[in-house]
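First chain A sits with chain B, and in the next complex the same chain sits with chain C.
This part shows the complex of A and B:
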């Protein structure tokens, strides 16, 4: 039983090892090594870092004022706003891209650094707001009351009590957004609009896909991996995202203040606007399906289901593991921040070496997407199993229950009613994947995201919007199923 | 006889030391202020809390090195005595077999215990659906089925109202009289249980405990 719970960590290590072997054993033709480190290479490294830095900086700067206003007082209906913010974090990246294109192409050149930044802000500001808001709501009410008795002004009590909380959240949020944007693939590929705006992830893709130069891919992948790791080690000191602490004295939610109302309205309008333009675009012409399209949809569904099941299985096994060593936890989240393209490239090259690259397309995509979705569904599962462990481990010991018996009667029931939800969330996260499928799949391989990308590439924006809407609809259906399951299990208890 | 001989342990800055004995079939009440080490004592007996010196013996055998389930104790903790997500029947079955796989004889036993504790009608219910009193009876039925010679109780009824506390105590007292179970019960309500108690172990401080017979 113990070894079973280690299977997840083993799978991650195996993936990293195989990817490493793949990169090392790359087919050896191409140019001499030194030829790759030219001016163009320097330019893409520079661009990768610069756009990630700007995205992280603006995300943090924009998010803080909203979070401060939202956290000033609990307000009625805040779950709705939180839901919207969460939605932007899990929504397929392509939806945001299409939204930005349809909403802003009349005002700015979206196929540029500006467009990339805008899309990155849409993806990351909601996440940053959520984290800062959550951190601020942990500020103890007692502290604020003490501040009142000390007759501290609003500004002073912000400075002495809330500012330190914000500062402590600043670096982790900045680093995470930076890493996510540094490894950004879909946004830069779709909105980069040319060699001037290419980052390492896109360069890897182009080297493998268009130049068929695995050596270049391996070099870019290695450089990307090294840079991302150094940034993580340099800046990403251990931080606690104290999700389990609650406000000491829960305040009653009341009607939002004027300030809050203004902040809510602004953010909601800005967030929803591109979705509305997307909708308007999609309905501007009738939809005509094709055989290729249905094939893409069915492939996408299959991939999502496979990845979802794989991610849920891995997360469940990992949640049963008692070992919470720092290194293992780092590994859990490794595939979320580690450049996916690097690992995909490594595995793809390894599969090429074995001559199965195009036979194993679907398992490879499921494997990679499953591993990427795993850390996101892992959190709730782990804390639930942990809570049950705390309540029942002594009782189980006195009853001489074996590890297997504990899993069967205590931990699995604990995890069970989260499993449908985990599956659906993992499916939402996987169904929108463009990068892995586009890299690994042959030219004939189509998924819904690939079709969207191709439609965008040939400037069929209406078709792209329609397909994106279809993708979004699939996600909404998954989420509704998850809600329905959650509700049903709640009622059963 | 349960013998606790100069058992010492250290928890943070507190030093604990206990020495007492409980004859087979007797009822010992453990009392004293909070932080004096009542729950720690039970953890020591169960082996959850390692000891530095001294020994715990039952029927002449040293218990050191034994796993918690190899010790002669059935336990009711302050809370979480039932797996709330499992049915009453499963909870009881786990008292008879650690994988809840029962043979015919054990099923018979389970049924008799259910009858005895008046929980036949709720065997299929999830434990979390039960009232406080029902949960108490199920937990008692389970330790009854475990059939251990010593019953350790860590204020298991403290969250219930006085009537239900009284009822719980009656069940325990009955088990003591009928099966000859030795009982060690931590309590804040010494006055309530004094009539059924044989002797009292009172913690004056963490390293000073007095044992005396009940009135």
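This part shows the complex of A and C:
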């Protein structure tokens, strides 16, 4: 059984190895090494770190007060708020970018560091709020009761009970947001507005697209990988970051306090505002479809389905092995924060070497996006299989079931009703991909996100908004299908 | 088996696999736009060729060259259209092109043209365009713009756009070894650097900057379609860097004959009549139709480098720009 789960590990390792080979065997010419470490290189490394640092800092600072208020007591309808926060984590990045552009371009120059930070805040504050909130909810009732018995003031009870929880979550959340922003591609590419705002991910892309200098791409990729890895190691043991995308257990909830109501209203208004301006923009002019649009939509659906299936397959196989081996966890988690551009570049260069780069566009994109989505759908699957194992492993051993029948009769049925949900979630995560498709697709290759980026590139914001709305609609449909399957399987069991 | 084949056909349809009588032309974005020369030329050529002409619009001219390098002989393009004279040597070195086999003797160009691969189809001088009603202190030389003037400008990324590359070559021909300093000074006046010409011009027209890098011919568009003479090209005393736009067929094309006949068509009277009024550049055929407004344009002195020199130093010049512009 363990060997089945090794297939996933093997796929990940194979991908990394092939990417490494591709980067090493890069085609095209190169220049002396010293040529690459110039003022420009220093500038982009500096910008990458500074930008990620600011994004992480502001995300944490903004998230904590909201999380503290939300966690002060369970309130009715909190699942809805959690749903909205989760949505911002899985929503296509382009939606957020375009939302920020349509909502704020009258007030600030969005094509600048400010714009990049703003988009990063939209993507990460909800996530940070969610994790702090979750951590604070774990504060045991016993502790709070003791605080009450001791007549601790609200402030003191916060200081002695909640502060340590926040502090322990601070480093992992900061580091994770830092890593996500450090590896940010779409946001920096779309909102960079000129050579001054370039990070390593964008530099890799430009080295290939602008200069056709794979050696530069490989060098930037390696530097990025090394920096990301070192920052990851700062995390030490893997902490619990898994988004609790499982439906939460019903809690004893009451009407929100005034303070909570205020905090909820503020966050909801701020989060929803760019989506509304996006909507208003999209409906400000009639929609004109095109042949390219249909091709883009269908290609995107095909890619999402392929990536979704691949991610679900990998995650299912992986979930069969519930041992917490360090290397496995490192790989799962590493995939979440490793620069996609690095792996994509490596595989693409490898395919170029084999002369199949433009014939293999679709399988390559599916492969890469599937791998990227895998760790996110893995969590719930693993905990489900773990639960079944705890209940049934003795029985299965007593019955002397073979590994295969254990998989067939115990673990697969356990995972089965989560599969449609995993598939849909992975599809949502893949359908918005811009970076991989833009990097490895040929000039004629269009997906919906590529069309959005092109419309935005020529400042056709209305068209871009309309297309983004379409993309969002597709995601919503996937999620609704997931919900529907979820309900059906719940009723059956 | 049948269903498998059906799926393949379905896939081919979505992804766009080339047909035998398809002519795929990689070009830059504004060439294919509704108002650009692309649609008219497509219609005119399809009327005689019994083929399907497909334009694929990329960001801008230099992006075309990079695309070609990336795709190499695996490219789906039959023709690459929209590189300029500066990139000719570098593109030729890729060994991907087919000779055009045309005689180009009757053409009128800023300097004589003898290339075996590239066919020139229009040309123009780069210039900074401004709105006369908004800018009063117009610089009269590139040096004045860079050093003393306080107008704000938008220009294009020289790694992507041939227009941006034109400014790079212009600065190089005026400043030589001191170009790095010139870029640093210019950076302070730069509102933004866009990937292509279309974006830069759109931002300028929204009023985001005083001047935009474009062509000396651009005002003709506004004279013709908007009946306004408020948009002017600033004439610089050092002379203006010139651009000749060119096209070539790819040796890997499965329709080389068709591709060559398209190149011939580009310099025919019928196609040449289209360029001035849609691409707003000077046609290369002396007798070609031009909107009346072309008579009111500035006629600047020509500056240019041999494309071999550009090929040898482009990367260093780009690095010089990049280091200054990213500060």
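Everything that follows uses one rule, which is that the second predicted complex is superposed on the first by the 473 of 493 C-alpha atoms of A that agree within 3 Å, B and C clash if a C-alpha of one lies under 4 Å from a C-alpha of the other, contacts with A are read in each partner's own complex, and residues count from 1 in each chain.
The working rule: a residue touches a chain if its C-beta (ideal position, glycine included) is under 8 Å from a C-beta of that chain, and two chains touch if they have at least 3 such contacts.
It should be emphasised that the depicted structure is a prediction, and the values quoted were computed from it without experimental measurement.
When the two complexes are overlaid on chain A, chain B and chain C sit side by side with no clash.
In the overlay built on the shared chain, the residue A:399 is in contact with chain B alone; chain C does not reach it. Within the superposed three-chain model, A:164 lies out of touch with both chain B and chain C [touch as defined at top]. In the overlay built on the shared chain, the residue A:363 is in contact with neither chain B nor chain C.
Counting the residues of chain A touched by each of chain B and chain C gives the higher count for C.
Of the two partner chains placed by the overlay, only chain C lies in contact with A:208; chain B stays clear of it.
Draw one line from the C-alpha centre of chain A to that of chain B and another to that of chain C; the angle between them is 150°, to the nearest 10. In the overlay built on the shared chain, the residue A:414 is in contact with chain B alone; chain C does not reach it.
Within the superposed three-chain model, A:83 lies out of touch with both chain B and chain C [touch as defined at top].
In the superposed model, A:289 makes contact with neither chain B nor chain C. Think of it this way: put the two complexes on top of each other by chain A, and the tightest Cα contact between chain B and chain C is 34 Å. In the superposition on chain A, none of the residues of chain A is touched both by chain B in one structure and by chain C in the other.
Residues 28, 31, 38-40, 43-44, 111, 193-196, 198, 206, 208-212, 295, 298-299, 302, 352, 355, 357-359, 361-362, 442-445, 457-459 of chain A touch chain C in their complex.
Chain contact summary for the complex, chain C toward chain A: residues 14-16, 24, 26, 29, 56, 58-59, 62-63, 66-67, 69-71, 74-77, 157, 159-160, 190, 192-196, 198-199, 202-203, 315, 318-319, 322-323, 325-327.
Every residue of chain B that touches chain A in the complex is listed here, in rising order: 46, 48, 67-69, 73-75, 77, 79-81, 83, 85-86, 90, 94-95, 98-100, 126, 128, 146. In the complex of the two chains, the chain A residues touching chain B come out as 391-392, 394-395, 397-402, 404-405, 408-410, 413-414, 493.
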